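Report on the structure given below.
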């Protein structure tokens, strides 16, 4: 019963097959191959728009390279105080941007609001040489707390950002889970709501190591290629990353499997409801459940074989824990977990 | 007949199989899995020594991370003027080291000599605050021009470097080809000759995207882990990189296949010998042939289906070209190439 | 009536004289001159300890160079959320440290508490590769809000920092004002309370452009010299910076003049007390007064010739303003300001 | 007899006076004062053109900030192999540009030629992602070896650079000496010959610590202001830097005093001519003499009280030495030096 993270699971069989199939014969290196060319076609279909997309092998690289392309060294990136880029990347955005400043903003359930963004902007004055200059708004979708912005929420934030001359980045490490939850088109969830650049995640939802940085305005890609090379992220045998993305983006598998993970999370949340002392901390929109458990219950579940992370220290006899489901989480693990929890009553 | 680069070829079937086999089930992420632990065992056997090794996914990342661990921002890295780190990484070492200076030194056949290194050191004064401070000697093995340093040559250069308080890095993107050529133990070719850190390449010789940074003194690894994370090179599903290295390092396949590539290069060189106007530019130690071809012959070969790079502009009716062989180059391609060349006489 | 900042005023006559006197004749450049050597003697006397001190020409340079010496690129610097290094240096610490992260912590009256620091440390986990690693605690003395830490407060914070393996930096742009207020020895206010490195400010209190970075443990200075050179802060004619510091540090002028500025601030605060709608926001320990003024009163004062900054937007008919006094603020300006304010009643 | 460097001398009396005169009263800080505004007027007159100029306090800062404004992190700066930016700034250009690459090119007497530049450009391919991208040509005027480019030489190099999409930077730490030698207008020596940005030096020729970065196209200044702030080079009491430049630029003193220094160098060269074993290494255009001295003669001169630097190790019984003259070098020191040398015959 592994609910530690969606990256604890391996990859789709279709992706292993695609990688194996890509192994034969010589092809041009560094992304000049046919499989890599194919990725553009996929994204054009998925986003109903001509984009430029760059495969990379980690979400941290995707985010940091995207931000560095949008933000000068003296710029500021506004994001949620608990955003992955702010908390869990050991300063990768600062490294790639050569020292830009991340401004963390508080917000309920992992989501920013226009009001909070406006307040932060009022303290970071445009043209005042002593202040890091507002350059990027970065939103995580789905958020670090398992919630999902609606297109309207994104649009309102993007409007404010654009009005301040900023660009909008979306950290979509779990973009598939968000779109599956929203039931809208990927276009509606991104560029139609004002997103300029998307870190499109595939790894957590079933690739081995494959993400793409998608610029909705190809001209905005600027010197991305040089930054990717200079950071060691231009893979010589690119075919092996592109093969993963090609399999991932074929048909709607990326959405149906994310929907499956979401359903398991919902089932977990529903299954835990009503247990004495158990309290959901955030709406379960995507594939993560944040829930307060009595410490005795948490210990009981771990003794029963469940693995999950505490999300902070114990507090008053209970602890906030995180449960993450994935494309490969066995549904029976979910049922066992729920049964184990209910049996403890 | 693709002789463009060894990275134009795919991967070993054993590596595709290993990656597929690694796909099932949940395992700890970020390198805490059993396959990654296994890599240490392989390297201990291969180098007859306890080392610390970090998997990464590109040679540029391996080199740049290794150099950044060894060299402060105000340091200088001495290398051959045509070294990959100096010429072909778009400034990755400068990026990762936060601005260290690469001092390119000329040397015949892609190799540095102690005399040339000593001269360079005389111009980069230790303790003089206006000069970047000597910190690292980086050697490429096999070199960018297809030659191989002997252990004695390495030892002489390392001694000089160590005497100046510098560390020795080896860019081993084609380390397998070098060791296969030398016929000595990997230990004799590295730490026994004074090498402190090795970029151990696997990609060019048959992995998809897998290299390892090997510190022969584990204590010297310092903050490597943070640098790897911060640069987006800590892969969440590390098992898929480690599976490649595990298959690569099992038995002696990595050496026998490199030896095969070397033999094809030697065969190319021998086959071209004696053709009118053809002249070898460098000894063919490893898997690359640098040869002057009359321009008419080069054109003839390309018309016949051969692919290879010019290594500089035409000069006096002839051009220096590079031919690279790999673990997967069909021997019949080599024979066809030679036959085509000889038929032009 | 200029209360905008202490840097709006020029320099002491003794400092202009010292600079003029230093102009004659050839002397060794880059700090090998006798005047620069003299600075060490001054600091040894003042801090009752052998230190190593580096002259620089701006407070931002002093802070950023000090932090870069103490903090690796993957490190975290803890400071008050309104600290100058966090808010008003356009990301200089991030630039000099090559991307370290500043963790801003809230605290009343511009001061950190051990409890708040402990909470922040609990979220920045030592040895967890995804987190920027705790490296430095930076305290501002006097603070950005005109208050002063007591030696006991500093000692408690330093102890906590040292227990977490961190170093303690003090931004002493207004160190003279703080020491003058405390009435303790400079040693008691710094290294005896656990401070490892001090940005010793002279500019705001009467130099032209002169600060010093003082390491209380000379061994901790590490590669400071190279960082200073590499950032363009090693002045060739260093005598002109050292001459300023020499005059500044001669006798107790630096403290008596800071005490004078403090007295003017206290007089301002006392003079404004009791005026309808006027409310002090923070204790007036040093040379700055933060006070809420009714908007009509602020406008009245400005019409009367007073210059000062708003410290945030108007709120409910009143605005928080900042008044700064200096070594050269005419006492009659203070009296005129108070009289003008009282006359508005 | 100090011929070590022009920065071994102090400052003009007019500059000490100007700094003293600037000390009184409150003025706006950070360059919003009247003296700083005055600098623009001076440069407009001197260069017969509207420019934008930023005062800084060191030549290294001027060069590194200028280059960082012109060159992206993945860019390449072409310069002479012995250029100050390449050899004597401890990697400052790499730090400020965030890792750009300096390509050192050999050239007789410290000067680049279009042919050598063209060869270097042929190896640094535009649009090839593995290569640092050509971005800036940097020329030193007068050069590190005491020679001076003619306007025609500059124009030919600039044309080539511009044709390759590069910008042209001039390191004018000794710009005054060059213009005094050429006898042309400052405009003819810079923008009329294709120079885009000039590091205008004043320190070596008589200021305390004052240089200016002059952009001939104000639009090209880009985000210079933020880079200056972020690197700690925005001085709060800017009046004291601007006062130096104001005095320096008043009338033609900056040229007449540089001409004086040049004359002393010429006199040194002439005085040494014909002495047995003495050989001039480079034409003496500006204020530096590079001359081979028999080792016995060099020792004799030092015993007699002369100070100068060796410019490399002894070679065959003689050593290349450098003699630098300045605005304040006593003419009698020159005569004594010559007499001492001739007396040794």
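Annotations
We just call them A, B, C and D in the order they show up, numbering each chain from 1.
Everything below uses one rule, namely that a contact is a pair of C-beta atoms (placed from the backbone, for glycine too) under 8 Å apart; a residue touches a chain by one contact, two chains touch by 3 or more.
Since the model is a prediction, treat every value here as computed from it, not as a measurement.
Taking the mean of C-alpha positions as each chain's centre, the chain lying farthest from the centre of chain B is C. With B-D and A-D as the two chain pairs, more C-beta contacts join B-D.
Put simply, the C-alpha centre of chain A and that of chain B have 35 angstrom between them. A separation of 51 Å divides the Cα centre of chain A from that of chain D. Here the CA centre of chain B is 41 Å from the CA centre of chain D.
Looking at chain B, one finds that residues 73-74, 89-91, 95, 98-99, 129-130, 133, 226, 229-230, 234 touch two or more other chains. Interface residues of chain B facing chain D in the complex, by the touch rule stated above, are 73-74, 87-91, 94-95, 97-102, 122-123, 129-133, 313.
Residues of chain D touching chain A in their complex: 30, 72-74, 98-99, 129-130, 133, 223, 225-227, 229-230, 234.
Listing the residues of chain B that touch chain A in their complex gives 2, 4-5, 7-13, 15-17, 19-20, 22-29, 56-62, 64-65, 89-92, 95-96, 203-204, 208-209, 226, 229-237, 239-241, 328.
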